[in-house]
Structures are given as C-alpha cells and as structure tokens.
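Presented below are the structures under discussion, each in the form of structure tokens.
Both of the next two complexes hold chain A, though its partner changes from chain B to chain C.
Let's look at the complex of A and B:
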C-alpha cells in the first residue's frame, strides 16, 4: 500500500509540468509560493520576479470521464515590483512570499499576495460580454457629434472572447519593519493576519490605512533578541485562535479574546531537545520553517529542517507524531551550512482528509507520510518521469555502505535541486510540487 | 585540537556569510543573521573551552591588553591571551543582534543602552565607547587619506553582530581581516580609507 488519499492503494501519476524546461533558469522565474483555492479549481503560483500565474482546472470532459481536467493558464499578472526604501537605503524585493485565496463569495476570485513589505488584494474576474450599440459613442469608442443623434436605443450585451482581468483592489503597506513571512485569512471572512520576524498584525480586508498589532516580540534592547517569528496561521474554524512558530522550535497558540496584545500565549508547544543530537547547528535545524493547521482543526503540523511533527492541540508537551524527512542529512550539517542549504525553509501540507502529509526535500524529491498506515514514500519530480500518465516510482536513498540497485546514495544527491513549495488539492488527490522553476502536477491513477 | 580547528573553520565561514549577506537584495535578514550568530557563538564557546582544557594551569591575564593593529609574529603571541578576556567582555555583546537599520553606518537611536547614551566627556579608564574616533586613524604604508563626506563615519557600530564577530574572528583566527578592509584600534573596529573629520 502506498500513501495517498486514505485507505486505498494510491498510485501517483505524472499529469502536467509548467514552466520552461531549459537548464538555464532565470532568477525571476524561480517559484516562491504555490496555493490551491478552496475548491481546488484554481492553482496560483508566485515567483521571484513578482508575478502571479493562476491555472484553472478544465472541467472533466464527457468523452473521458475517468480523467481529471488539466490545469491551464487562466491569468498572469505582475503583483509586486521592486521598490527602494530611501530612508534605509535598502532594496525591497518583489519576490512573492505567500499567496492566500479568499473564500469565494461571488463570480470573481480574490487573493492576497505579499512580498517582504506589502500585501495586496487582487480581484480576478471574467469578462465574456461587452455592451454594444451606445447612443453617444461609435463602436470604436469615439464620441459622436451630438447633432447627428436622432434616435435613442438601449445598448445590448453581446458575447466576446473570454477575458480574465486581474486588478489590485487594496494595497496594505507600511505596516512591517521586518520581512513578512506569512499571511493567513481568518475564518470570520473579514480579517487576516500578516507576520514578520518580530510582529504580527491584524487587518480588516477592507481597511488599508491601519492595522492592529497583536503580537510583538521585539525586545526593548535588540541585544537581548533570542528568537524570531517564522510562520503564523489562523485556526481554520475558530476565528479567535491563531498560532505562530519561532526560530527556537516552539509554537505559541494565542486567543485574541484574552487581550488586545497577544504577547502572552494560551498554549506553548515545545518538545525538549535530545541532548545526544547537540551540535553547532542544533539551533538552525530546530527552527520551524512552516506551520499548518489540519483541515479539521484538531491538529497542527510543523516542519523543521529534518523532520515533520504533528501536534495535538490539546497536548503541549510533545508532538503526537514525528516523521523524519531526510535523517541521513544529520551527519552532513556542516557541508549543508557551508553551501547555505541548511537555511532552506521547507513547507508542508495536509491532504483533504488529514490522513497524509507531504513535504519536499533535495534532489527534487518529495515525501509523503500516511498517518493511518504509518508508511512513507519518496517520489521524484523529474523530466525523466514526465511522460503523460506515467506512474511515479518510489525512490530509495541508500544510507548504508552497500547500495542496492535503483537506490541513490546520499553523496550523489543534488542539493541545488530542491522542492520547497508543495500544495495538495483540498478535495482530490491532485498535488502541485514546485521545483526551482517548474511546477509539476501529479494525480492519482483513476482506474 | 580537531574541535578547535573545526570551530575556527566554522567561525571563518560564518563571518564570510554574515559579510556576504550585507550586500544581498532585500537587505539583511534578521532570521538568518540570528541563526548565524548562534552558530558563531557555539563555535566560539567550543573554541574557548577546548583552549582552556589545553591549558591545564588555566592562565588568563586579569586585565585586557589593548589590541595592536600590526599583526606581526611578535604581536601574535600577545593577541592570544586576550581571547579569555574578550570572551568575558563579549559574552553579553555576542547576543547583540542587528537592528533593522544599516548598522555599520547609522547609530541605532532606538536601542541605545544607558551606558552608551551619555555624551559626557569621560576619562581614559572609562569603558563607554565613543561613536566618533577621537584620533585620526592610523594608515598603513602606502595608503592615502581621503576626505570623507560628513556622516560617513566608518566606526563599525559596536552593538552589531557584524562588529562583534569580526573582532572575534580577528582574535581567534589571528589574522587581520584584510578581506573586509577593516582594522582594529583601541579595541574598536574601523574600516580603512575613510575618516571622520
């Protein structure tokens, strides 16, 4: 049995790959975030060049009922531009750090995208009709001479080619001194939070000129700083609850009903460090890079450099499950420090029914852990596996001396090929996995 | 001894990373700088503890000797005993963290510790640092003085990670960090070729 969407034997197949297949990767094309919307119909990616590309799933065709629709480009727009902070003589990168979809309320779609300093609310809407037969204007838009107008008529809406427009509706700026690492939309459908290294702000989606600071861990003297905020998220259905993770490997849960400033946590999740594993780099590898609530709101998952931990929200003392992502790297931390890989911030995600979790690794590997069957599997996103509907073969890494056939030795792993961003369709067994500049879409084989 | 060598190597790598991060787009990343500082502190602690275990009589000079900018072989022997003192000095300082501003030029008004806020003239024995050098910087042979525009003081602010670790690296690695174009005078770190008038 292989991990997948639950108890059935899931086989993952290649579906699509997006992006240029050149070996020469332009830095602007590096994917920096991936996010499905709540229905899974839309898949958004952000890149280092500040662009957002949205893919839409085609409806299932009647001719091929057992094949899911493909994802094709729906809209592309420039979300953020590089800016310059003249006061501090610092460039502000246009890289999109996070995209979060708002729950859909009408025909248009809304998403929040953020770079290091500014969050923007984008409206993506379709236009497939246009008015024709104006009284005062010609067809090309020029105004008619009023003296020539003798009759009155009502313009009619006529069909046109589908046009998808993206327009910035709100810009939430100047609220963060440090670099924004997270945004999270509240289940109240009105507010959202944004978090930087030292502070978390609460915004109303309609109000751009002010926000409320709800967490501030900046010490009075910066010399006393020992930890920073690395990620933050609202609870999926309790609108008063959010969590934030730190560089020290702790997670704090806060209740906004307790006080205006949530500096005092209601719960502190922390696992004592294993003294046998102490090294120069213990602090770095215990820093949490991502935190995600489960869909049912009972658990949360954290990702640190070497492992995934699942926490029961009712138990603060230790995680209920721990999965080693690439434990064979523990003996290589010094090299990974030198080549900067130890600073990589891997993300993680849940599947729709919280039975499987997924995260990325090096050599374009990604890992899935089935919580129910306590099984894990490693797959690779590569061009070699990119034939349509080819079944993904599990990969094995050889850690001992003797390497079996088809196993890859740790020393031959390519650390420049890493999968940082992954996303799982909220309702279906479809996953999106981002390599450096390509987006791979895999789905389970429908029989 | 191996631990010693490893600690020094990690320290050297860390310093170069810290320096390189100053020029990256988007400015210094607080999280990364914090993690680098933690590694460097571990390396420094291990280096010192391994050195102490190598010296069974535990000789440590009681007073801090002034640093000399000339790193010739005669001076090197004098530099080494300073390590024990400067580590005690730096213990609170090593947890200094970068403020959001560009810390090697601007003074961080927000986070001045009480000792640093006073501008009162002090005696030579005082440990309170000056923000501007009181003397013209010493030049190496062959260097010229360049007039610096007002406000381009290159005393690297003592409260920064970068300052502390260049100082630490200088002492532990026993070399003038020429790569970073800095020198040390009166236990302060200066960048060459720019002076304050």
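Let's look at the complex of A and C:
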C-alpha cells in the first residue's frame, strides 16, 4: 500500500459484488455486519438470517499483475438460530449484530459473533487429510466378517480436497437482559466486553459460565431512564481502557485499573450543543451510533446521525475534527423521523494508517474523509458501475435550487437504500461496503 | 499379537481402533482412554511406526478427546519400547502443545514434563531440547506459551552451552509481543529461577522479573507478584532489599487494583519469603495501605489475610505492631461500606484473640465482635458465630452471650431460608460452647420452631440438628426436653408436621437408645399407621424399617409385624411397597 494514501491520490475502482442481483430482497439476506480480520486475508459478513459468510482473498496471480486477489467464499455457516425465551415470552432474532475476529493463535481462525442475547466463539479451520482403513468394514462401508480378521490395521491419513470447517467452540449466554449492541476484544488477548443498552459485561474468552458486570447504568426506577449505551469498544493497545457511547451524544472512557466496577468514568467526551441548531430532533440526531478507536490508539471516531467526529483522547471538551456526512438532510429531519430513518445506526471505520475515515449514507452513497487533506468524497455502490476495474466516479448532491449536470437532487435520494456497514482492509486500500443485501468490494487502482 | 487366522482376541482391539475415528465423540473418547490396550496389542514397533504417526495428525478432534490423548501419552513410555524410544512420543505431544484450547495444551505440557524425566541426558539434548526450541520460536503464541513450561525440566540436565541457549530463549519469551506469552513466561519465572544457578538468578532472573513487573499489561504485572515469592526465597537476605523490594513496593502501590489485589492475596507467602526484618519495616505499612485500599476487592483480600499476617509477625514485637498499626485499620473495616469486606474480616477476626490474649481481647476486640454481631449483613454475623470457638478458648463465651442471643434469634428468623439453614448448621457447635443450661433456656425453642418451618430444607436440617444435639447432651436430656415435643407433633393437623415427627424419630432413635425408642417413640409411630394421608402411612413403614434394628425382637414380632402386615395390604401402592420392603429388610416375613 502507499502509506499516507488517502482519497486524494487514490482512484477507487470496482472489484467485486457479492449476493443476489434480483430486486426482490429476502429479509434473511440483509447484511447486518461486515468485518475484516487482522491480516485482511479474511472478510466476514453476518446477516439477518443468522448466517456468517467468510470470504478469503485469493493469492495475487502472476497473470494479472494489476489486480489484487479477489475475495471468494471460504466458509458459510449458520451462527445463530431464532429462539424463544419462554420465561419472558420474547422472540430472540437470529440476526448477527456484530462479528469480531480474534488475533490469530494457530493455523485456525477464530471469531466471535453475537445476536441480541448470545455470543458465540467460532473456529474456522482447514482439513486436508482424512483417515483411511477400517478393520471391521470395507472402505465402502460394508461390514467384514469378523472371523476373517487376521491382522490389525491402523488407519493412515491420506490427502483429500481442502475442507473448511466452522465449529462452535463456546457459547456465552444468559448475561444480557437487553439487546447486545457491541462486542470488543481486549488487547490482553484473554478478555472481551459485550455491551447492551444498559450494561457492559467483561468475559474471559475461555469461561462461559460467568462474566463480570463492569458498567451498569440501569436506574433503580426505569422511569428515570434518560440514556442508553449505544456502542462500546476497548482501546487497541491499553488493556485497561475502554469507551462507551450514549444516546445523549456523550462518550465515557473508563479505566479498569481504578476499580472493579467502572461506573465512574475517567473521562467524559462531550461537545457543547450549538444553540442555533437546536430543534425537536437535536437529541435524536446527537445519539452516537458507532465509536471506533484509531489503529494507533490516539484518537477515536464517533458517528452520529449527521456527522463524524474525531476526538483526541487527551481532549474531552470538543472533537478535533468534525465531518458532515450529509448535512443536506438537516432540513429533511421531519420526514426522516416519520419514516424512522432518523433512527438508522450508521457505522464508521478507519483506514489502515488512520489517515482516512469512511461511513455510509442514503441512496447507496458512502463517504470518505481524508484527514490530512481535509477532503471529502462521495461514492455510490451501484450495479450500473460494476464492470471490473471501472473507476468510481465521485457523486455530488445538489442542495441549492439549481441542479448542475451530474448532480443528484436531495429530493430524489432513495432512503430505502442505505449503507450502514462498511469495513476497510487493515493494511491495503480495499474496502467492503454493504448495501442492503449486496457486498461491494472496491480497491484502489494499481497502475 | 496378530497372526493366526480369525483370531478372536483381535476383534475387541479391531473395534477399538475403528472407533478412534467413529462419528460419536463418546466412542472416540472411549477408544482414546483405552489407547494403552491398542498399543499393547499392536506391539511397540507398530505403535511407534503406525499408531503414533496417526495420532500426531488427529489434532482436529474435540477438546475432550485431545485432552484424554494428551494425558494418555504421558504414560506411554513402556508401550513404545521403554526410555530408549520415549522420544517417539514427542511429535504427537508437540502438535497437541500448539492447539488453541488451554486445557489441552497444559495437559500436553504436563505429559511432556513427565516424559522428559525418562529421556537420557543425550536424548534430552538430541530430541527434547530441539522440540522446546521449536515451540519457543513458533509462529503462533500457542506454541510459545507451551514452551514456557518446558524450560525448567530440561535445564538442569543439559550441557552448559545448551543451558545458555535455554536462558536466551526464556529471555526472548519474557519480552514477547503477545501478552499471552509474557503471561506464560511470568507464571513460570519462579519455577525457572529455582533450577538456575545462583549467579544467573541474580544476573538474568532479576532483570526479567523487574521488566515483567513493570509490563504495560496489568495481567502480566500481577503474575510477577507470584514470581516474587519464589525469587525472594532463592536470594540471600542481604540482596532482597536491593533486588526484590523495589519491585514489590511498586506492586503494592500499582495503579491497577488487580495487581494490588494479587499482592494482598499473596501477602502471607510474601511475608514468609522476605523474612521478619523486611516485614517489620516494609510490609506492615504496605499491609495497612491494602487494608485501606480504595477498591473493595483489594480490601477484602487483605482483610482475609489479617489473622495469618498477624500470626506470622516476629514474636518479639508482634503485639505492639498489631495494637498500634493493624488494629486501627481493622476497626475501620468493621464499619466498611462493602459487605464482602466486612464478611471477609468477620471470617478471620476472631482468630486475633488467641494472638492478643485475654486482656486485649476484652478491651479491644470484644467491641468489634459485638458490632459485627449486630451488622446488617447476615453473612457477617454468621461468620462471627461460626468462629466462636477461637474466642471461647481465650475469654469464654459468656462475655459475648448477651449480644450473641439476639444475633442468633434474628438469623434464625431471617427471611432468606439459606441464612436460616446456615445458622442451624452452627447450632451443635454453639450448644457445645454455651452449655446445656444456657441452651435449654434460650435456644431450645428456636430449634423446635425450625421443625415447623415452611421450607423443607430447614425442617430437614432441623431434624439433623436434633440428632447432633442429642449426641452432645445425651439421651436423658433428649427424653426430658425434645422427645415430648417431637411426639406432640404427631397430632398436628398439618400432615407435613406429622411427617416431621417421623423424620425426627428416624434421626433420634439410635442416639436415644432402645428404651426410649420402644417405650415412647414406637407407640406413636404405630398409631400413625392409621393416618388418613398415604404419605404419612408409607413414611410409617419407612420409619419402622429404620428404627427396627434398635428395637428388641419381642417388640418387633408382637407390635411392628402386625402393623406392617396391615400396611402391606393398604389400598395405596406406595404404602404397600414400603411396607413390604420393611418386612423383608427386618426379616419379619
């Protein structure tokens, strides 16, 4: 990769699109999370049907030096099934809310996947040998006459076609009363956290029957409830630090060294509200839908309904950078409220060297902000543009009265097409963008 | 051995071998557990050339199968041909030492440690040590963590050049990139230090120890505290101050409560390891700080150690240290805001009375005991009551009895049945300490009241409690105080209470002896055989079976037998069943 490469000198081009192409979208096929592993070699998606699909990057081929390896399906498995909680008379959806890869510990790969209530640890491993030779039956399965056995035979392993197996290793259940919105693996490689609307629990990766409650914001009386936890994440290298964001637009940072129960935060990140922009919707649109630490651990990024904010961890009073994602929607909040879009929980991600951030918008648009050059760009994930290596053209939205050529009017945006989940390869300029039921992969043009 | 046509003895082995790859985990597990049988049938040669290579590649299996395999291989030396061939076991164990499951890896390491002893010094250098090196420089942290546990077993038995390499490998792992490996190294640091020559302890171990103790991850730092204990015991006293104490002081004041918790938890071991002089100068203030720590978990861990710490203080000025330094902190903990802290303290505080003697106990500790007996948290009160014997030896229980009684009564009537259950279990102990007079006067009513508790577990415990009391106070006491009340319940309108009478009789008959059983209990039991509730009737049959052995044969034949025979024709099938069972057990047929 070209270090420092941001949107300014990167030409993004289409690489692949995954998923069915017909317009009829099955509910179960809607992608609900996208995540690269630490090396970027694997890309996992989860969907509303409880399935996890893992794509593997093919090694670069010598014949096509200008193309990086494509991602092809490596393994598909049903991670969660719909359940029914008989005690509470509640249906538990199978939808995968989050996937997190564990740092690789041996030849196999491990990931955590979670729905609203239950977190599961999956092992994805390869097998290329199988045992052969029985004593009591032939290879085709027919039984031999036991009297004909004259010698013992030890099975031998013979090579076979590569088989990828996904096996459930652990199930972390019964610790969340509310819906799990985040899971995050600690840099100590032995614990992880899971957050629901009101509580954050700390788990040991190998222990399923107990977890420690480290944050609990549930008021004694539920009528006093004024905010909920919307996302939580561990610091990438300080094992004692984590943050959680709230529906009131604040982010609290906690230090697990200070005490066992982290109900007192060490830092509170909050930007004073601009009184000029105050409206009925202020509180709803200030709710934080995602929080992500930068890879170097110095910054964190938060996404609220209209903007992305980058915070220096040393400065709590205001963000160091603020990027408007789709400011033109500010005048449309009323209709967005009526069609519930205002509650969409857009996620955001960093590129490998923290120079560019990306997030999604409506009309299958996604946005990139180059922090160094202070430039921003809008692209569209669309099938019209899905010729291999065709270059993505920046999109413009007209906000004024007069629409220029190539511009799209705000009124013609399709709010049913939204890009909520995006992921950036940890080392390369490769991005994965999930539209409703399709996964687009784009990469920078190699010259 | 294989050979003859259609050998019958081969069949079971053939089944076992085939089941090594059965789809059913239970069958695979079963086969792996009988691996020695398979190996024996195959003979040493085929075990080495066929079975072990197959096992080396079966690491795809379920954890429980791999765990069993790792364990089996530790005992396989004879089955591969004795110590001469023991190195054949290394490849399968090596692959098991790299799997992701910690329990499997640990078991593989344990087996490797075991078979390392069976290697000759030459084999150890030719086969075992290269394996350790391979693991130590493996790509994945799983293999490197496993390596940490193997250094100490091969170090003492290899040449000095190889020793130098091993030390180098250990040093590398102590500064590994992943916290998993650093934790594994930190947890084996003490063990490795023990096998090292003294000069290397000072030159190598101390610097590693210092580095690990200031690791950026608190999960690593806290393991260094444990290593501190072993290292301190290896060093001469004069070196401790300069080489170990700075690190220990730092750990006791670590920013992370988990590290301080570890110091508190290991305090007694640390105290023994550093000796009395350092304890006086350093550990006493450190302990005071831990008792006053801002994190409740740390205070609770320290509170747990109060008695042990005081016991191990140097005798010459133990009392003075406790009175001026420790006791003030303890006093504060009695009214701590956290109930775990208070209850940890309550479980050990009574032990201080033997150390401080009668006068100090009365003057300083007694008020604390009394305060804790009135604590709002039942667990605190229970912990005090359960340790009464310590105080009894020093000042006698009378001093406490005035406060004790209300505390006991309150616990006895607690709304949580588990609390009631806990206090019942201390009753025999209390009875022994307080004496029969006090007991009759104050506690007897409680014991009887539990018999009609609405929770079965309490009634059951109360029955058992009566038996223990009778064992303590004797049959005569039972006859005068307990038996009449128990028998009185036989006429209770509630059938559950009538059954309690039977359960009590079951429990008491043996302790009360033949005379009381025959004369007082038996008539009541027999009369209850006419009860209209079937559950009572079949419990009569069960009771008769139970007390039968205590009765004389005359009573059995003339009184018990007719009643059981009548019950054996009862309309209820359960009553019939238990009556018939009693008849056959008592041999009355």
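Throughout what follows, the second predicted complex is superposed on the first by the 424 of 447 C-alpha atoms of A that agree within 3 Å, B and C clash if a C-alpha of one lies under 4 Å from a C-alpha of the other, contacts with A are read in each partner's own complex, and residues count from 1 in each chain.
Following the convention adopted for this analysis, a contact is a pair of C-beta atoms (placed from the backbone, for glycine too) under 8 Å apart; a residue touches a chain by one contact, two chains touch by 3 or more.
Model, not experiment: these values are computed from the prediction.
Trainee: Of the partners chain B and chain C, which touch A:225 in the superposed model: first, second, both, neither?
Mentor: In the superposed model, A:225 contacts chain B only, not chain C.
Trainee: Touching A:383, do we find chain B (first), chain C (second), both, or neither?
Mentor: In the superposition, A:383 contacts neither chain B nor chain C.
Trainee: Give one of first, second, both or neither to describe whether A:298 is in contact with chain B, with chain C, with both, or with none.
Mentor: neither
Trainee: Give one of first, second, both or neither to describe whether A:131 is in contact with chain B, with chain C, with both, or with none.
Mentor: Second partner only, chain C.
Trainee: I'd like to know which partner A:198 touches here: chain B for first, chain C for second, both or neither.
Mentor: Only chain B; A:198 stays clear of chain C.
Trainee: Quick one: classify A:149 as touching chain B (first), chain C (second), both or neither.
Mentor: In the superposed model, A:149 contacts chain C only, not chain B.
Trainee: Given the touch rule stated above, what does A:264 touch, chain B (first), chain C (second), both, or neither?
Mentor: A:264 sits against neither chain B nor chain C.
Trainee: Using the superposition described at the top, list the residues of chain A that contact chain B and also contact chain C.
Mentor: Touching chain B in the first complex and chain C in the second, no residue of chain A appears in both lists.
Trainee: How about chain A: which of its residues touch chain C in the complex?
Mentor: 103-108, 110, 123, 125, 127, 129, 131, 134-137, 146-157, 187-190, 206, 237-240, 256-260
Trainee: With touch defined as at the start, can you tell me which chain C residues reach chain A in the complex?
Mentor: 2-7, 10-11, 13-15, 17-18, 20-21, 41-42, 46, 50-51, 53-54, 57-58, 60, 98-100, 102, 140-143, 178-180, 183, 216-219, 254-258, 294-297
Trainee: Under the definition above, what is the set of chain A residues touching chain B in their complex?
Mentor: Of all residues in chain A, those touching chain B are 88-93, 95, 116, 177-179, 181, 197-198, 220-228, 230, 247, 280-284, 287, 334, 337-338, 340, 343.
Trainee: Which bits of chain B are touching chain A when the two form their complex?
Mentor: Listed in rising order, the residues of chain B that touch chain A are 6-7, 10, 13, 17, 25-27, 29-32, 34-35, 38-39, 42-43, 46, 92-93, 95-102, 108, 110-111, 113, 159.
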